[in-house]
Amino acid sequence: MPQDTNRHPLPADFRWPDGIRAAALFSFDLDAEAVMLGDHPETGRYLDVIAHQRYGPRVAVPRILRMLDRLDLRTTFFVPGWVAETWPDVARSVRDAGHEVGHHGYLHESVRGVDEETEVGYLRRGLAALNEVLGIRPVGYRPPSWDINYRTPGLLAREGFRYDSAMMDSDHPYRLATSPEPGAPTLIELPVHWSLDDWNRYNYVPGYTGNSPVGRPSEVCAAWAEELDAIVEVGGLFSLTMHPFVSGRPARAAALERLIERAAAIDGLWLATGEELASWVETLDLPPVLHEPPVIRP
Amino acid sequence: MPQDTNRHPLPADFRWPDGIRAAALFSFDLDAEAVMLGDHPETGRYLDVIAHQRYGPRVAVPRILRMLDRLDLRTTFFVPGWVAETWPDVARSVRDAGHEVGHHGYLHESVRGVDEETEVGYLRRGLAALNEVLGIRPVGYRPPSWDINYRTPGLLAREGFRYDSAMMDSDHPYRLATSPEPGAPTLIELPVHWSLDDWNRYNYVPGYTGNSPVGRPSEVCAAWAEELDAIVEVGGLFSLTMHPFVSGRPARAAALERLIERAAAIDGLWLATGEELASWVETLDLPPVLHEPPVIRP
Amino acid sequence: MPQDTNRHPLPADFRWPDGIRAAALFSFDLDAEAVMLGDHPETGRYLDVIAHQRYGPRVAVPRILRMLDRLDLRTTFFVPGWVAETWPDVARSVRDAGHEVGHHGYLHESVRGVDEETEVGYLRRGLAALNEVLGIRPVGYRPPSWDINYRTPGLLAREGFRYDSAMMDSDHPYRLATSPEPGAPTLIELPVHWSLDDWNRYNYVPGYTGNSPVGRPSEVCAAWAEELDAIVEVGGLFSLTMHPFVSGRPARAAALERLIERAAAIDGLWLATGEELASWVETLDLPPVLHEPPVIRP
Amino acid sequence: MPQDTNRHPLPADFRWPDGIRAAALFSFDLDAEAVMLGDHPETGRYLDVIAHQRYGPRVAVPRILRMLDRLDLRTTFFVPGWVAETWPDVARSVRDAGHEVGHHGYLHESVRGVDEETEVGYLRRGLAALNEVLGIRPVGYRPPSWDINYRTPGLLAREGFRYDSAMMDSDHPYRLATSPEPGAPTLIELPVHWSLDDWNRYNYVPGYTGNSPVGRPSEVCAAWAEELDAIVEVGGLFSLTMHPFVSGRPARAAALERLIERAAAIDGLWLATGEELASWVETLDLPPVLHEPPVIRP
């Protein structure tokens, strides 16, 4: 059944490969301790918080790799440089299982309010770490906490990235401008949304994060399945962002496995890595979208 | 089946047109970036937040207009003046599809604690923008965040508005006094309630808004359907307030479409625009309700 | 079926009247504007907040009175003195429908940290208002927000109250000591709990109250029905605290009516007013419970 | 059916006793007033808060003991020293029913940021209280609020503890190192997780704790049952942490009893006390896990 493009027109010039009507990216942000240390350095002194985060590399990543292997799914892990340095065997196990590794900051730093030099420093330090530990140069970038500045796309292009995954303004991948200049370099944007993140659904660290009740895994994955069906219907990208320390717990991983099986059974749905998606979208002649700050006249 | 007025008496002198036992207003507040910029100007520098808001004009409004066209429903969009200026084609597409455009502030400003001159300034700047971009003079006003002062009804009447939609003290439209003077101008009030808003159910911008879990669309719309049935039972106005950037995501829009179809199938339920409702209520001889501040004696 | 007292022994010396195995008090706190004004006086200037609260006396109380009449249920409304003064016809309609009126502060003041004279002042001002508007002397007291001091039981006894409804330390009514002296006056305590309050389930006033999602009425009442069944099982008091402005909305009232019908159909469940419950418990020879502050030795 | 160790390999060298494939620890933290007084000493002056906490020793512990007796289950109660001193009969009733008593601080103190001497003081004062009131020397320790320092395992070993229950980095018990020195003493760790705690699901004390809606007991226990099934599947430890004042309310206790019955019926699931679990794990030759602070190079 082709996607009903009268009801749900695709963005101008966008199309999927032949036989494909929608795509799904089941990505993992391998944050481990970094997501707490970046924003709240004092948590490094709290063993309870640190142990909570270390569940990711210690238990969850191996479980998720086994699961992805059973599902025969190659996907994308976004890995902060510090995590690669701190958990090199874990990072290598991800790479060696054939998954794409993307950039996710060095210590999961927010770029809100930082100057350009600092922001570039985070990018380069993350790149150096991934190169040193994994011998790779990532082509994809997902900003820690999805915090992004107007200058960021330009910085990413300068550092050789091919895609970004941070924006919540589209159901479809698009071409991301880095400047208003004609011919300026572009990136591919793989959009995301808070409704497709495991953080709001499950995560709970009193005093730090989690203002929602801890979700029941079968209900969380049923909600995501509903989002998936609707995104397939509009021919978009179902981009699910998970964290091993959050989604790798037994009942959550079990529910997730059923969700991925369900997705894999949907006719015409392409389960892809970020790089595969970006490579396809690069072949399309899409008008670049330039993000500029809102203008408020006094 | 007529509404059971023994069990649920209508307010004095209130009645619906012949054959009608209740009404539904499926309205949209086209807030886009303005709802963040008005309260939190620093978010203009955060591309992630701004992109989140731009989903509304970029993706959600076109989707919602297509949906409303399929449903053959004309409704009301409340549009901040700044949004009309910033997204003129989007605002015009709403108008050109036959929907009513109402006033929703200029930059979605709260009027809490502002002086009268400032408040009038917001009203006039919004009016000027809607006139310039759309060539219209709105008859309806919905206060940003539903914040309203005791003086506001008088200001609205002076600026030529015919109805307001902000109060949570009624299940039925009523006549809104602007002063205790006999013969003073009146408006029509189309009441609202937080249980019939998509904000608490879905919206989530960490650090800014959303302290609830992200709702599952089928469950949110089932809850609204329950509210709808009960409001039909009491012969009231089901006044649902939505935001394109919130409710226009694929699964939410799909669930909303089913909810509107359900409403359209209810015998004797009138799906109307704000202006249509106000026009009807203006024909009734309703006693004006004057809102005065509570008095606390020391 | 008698209550299984092997499995669920009643407190020492406690019993229900013959044929009764548990009781239910469906009480209402008629807070109206007072619950906001007491804690947050600035909200008096915000018409939106004030209108939200006025839904109680304007719409919800009449609806609830009609419902209770259909159900043939007499219950207890706890009314702040200021609310009686501000909405005298509403307060009288409650009294005239045969419901008990209890004391609920004057302006819904918290007694946390106030001195004894101030606390007595709140009590007396509330008594004076209920006397002047309703010509009654209440026998029951429910502290605003359930805030209570160790001295409060003594103050209540001195002012002639017979029961209090504030404590969360029991499933059963008990005798409340006012002092360690033998022969000191006692009150009856009708305990409550946050799980049996409509506030956490439904209420939402951004910036002021409500950190939970707005509940779906049928689910809220299903949760309360589950609590009811379990309390019947242990032979206790199901003491549900509601607020007209919260629970009187159409779908909530409809779900509540079904819950009360369900309760009324439970064999051996006594639906009573606070005063009826207190009168029964006064006939029992229960050991008074004296509340003293916790002692922490350095 | 043996646990599927291809799909879910056990940690290196870990195994359960013959015939066992997973374990469950249904533990209770008997916090009573201490959990509020430790963090918020001013609550000692608020009778409403204190009464809320006293539901634990007054009503919930007897109910839970009767329930555990019906279920023929011996389990572990972690008891702050102050609670044992303040409620000696309650603490003795727990011991006399054959349950293990573990250490849970003196006044439920957080150890975040305290110096070693202070932390040792909390441990010793708790030990002294349990010895004086109960004549026992606990072998297990659960940190109040699960707050733990890197030095804590060493302190615990020095004070003669055999196990700790605080960490969220494992699905299985493990050996906990106290120092990098070979031959240094070790403890057994019985891990926990916030998803298996009744606090986030049910607890609500406005202004102090509870930012989630009050859960419906049958739904909470259904969520826990789902976690249980998944943990059995991976051959881990289902470690449920409850508080009498929270989980001992009628509907919650009823749902909990059904959950424990369900667990007891799972073939190969061992319902054990903390000490029984630790004793088993001590027999295994597990590599000690040393927790060290994260290192961040500038």
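Letters A, B, C and D name the chains as they come in the text, with residue numbers starting at 1 for each one.
Going forward, contacts are C-beta pairs under 8 Å (C-beta built on N, C-alpha and C of every residue); 3 or more make two chains touch, one makes a residue touch a chain.
Everything numeric in this text was worked out from a predicted model, so none of it was measured.
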Shared interface numbering between chain D and chain A [over half = same, under half = different]: different
Centre distance in Å when chain A and chain C are each reduced to the mean of their C-alpha atoms: 50
Chain C and chain D: spacing of chain centres that average the CA atoms, whole Å: 35
For chain C, residues contacting two or more additional chains: 211-213
Chain pairs in mutual contact under the definition given at the outset: A-B, A-D, B-C, C-D
Touching residues on chain B, where the partner in the complex is chain C: 7-8, 112-113, 143, 145-150, 152, 166-171, 193-195, 200-201, 211-213, 215, 219, 222-223, 226-227, 229-231, 233-234, 236, 291, 293-296
List of chain D residues in touch with chain C within their complex: 33, 37, 41, 44-48, 50-52, 54-55, 58-59, 63, 66, 70, 82, 86, 107, 202, 204-206, 211-214, 216-218, 249-251, 253-254
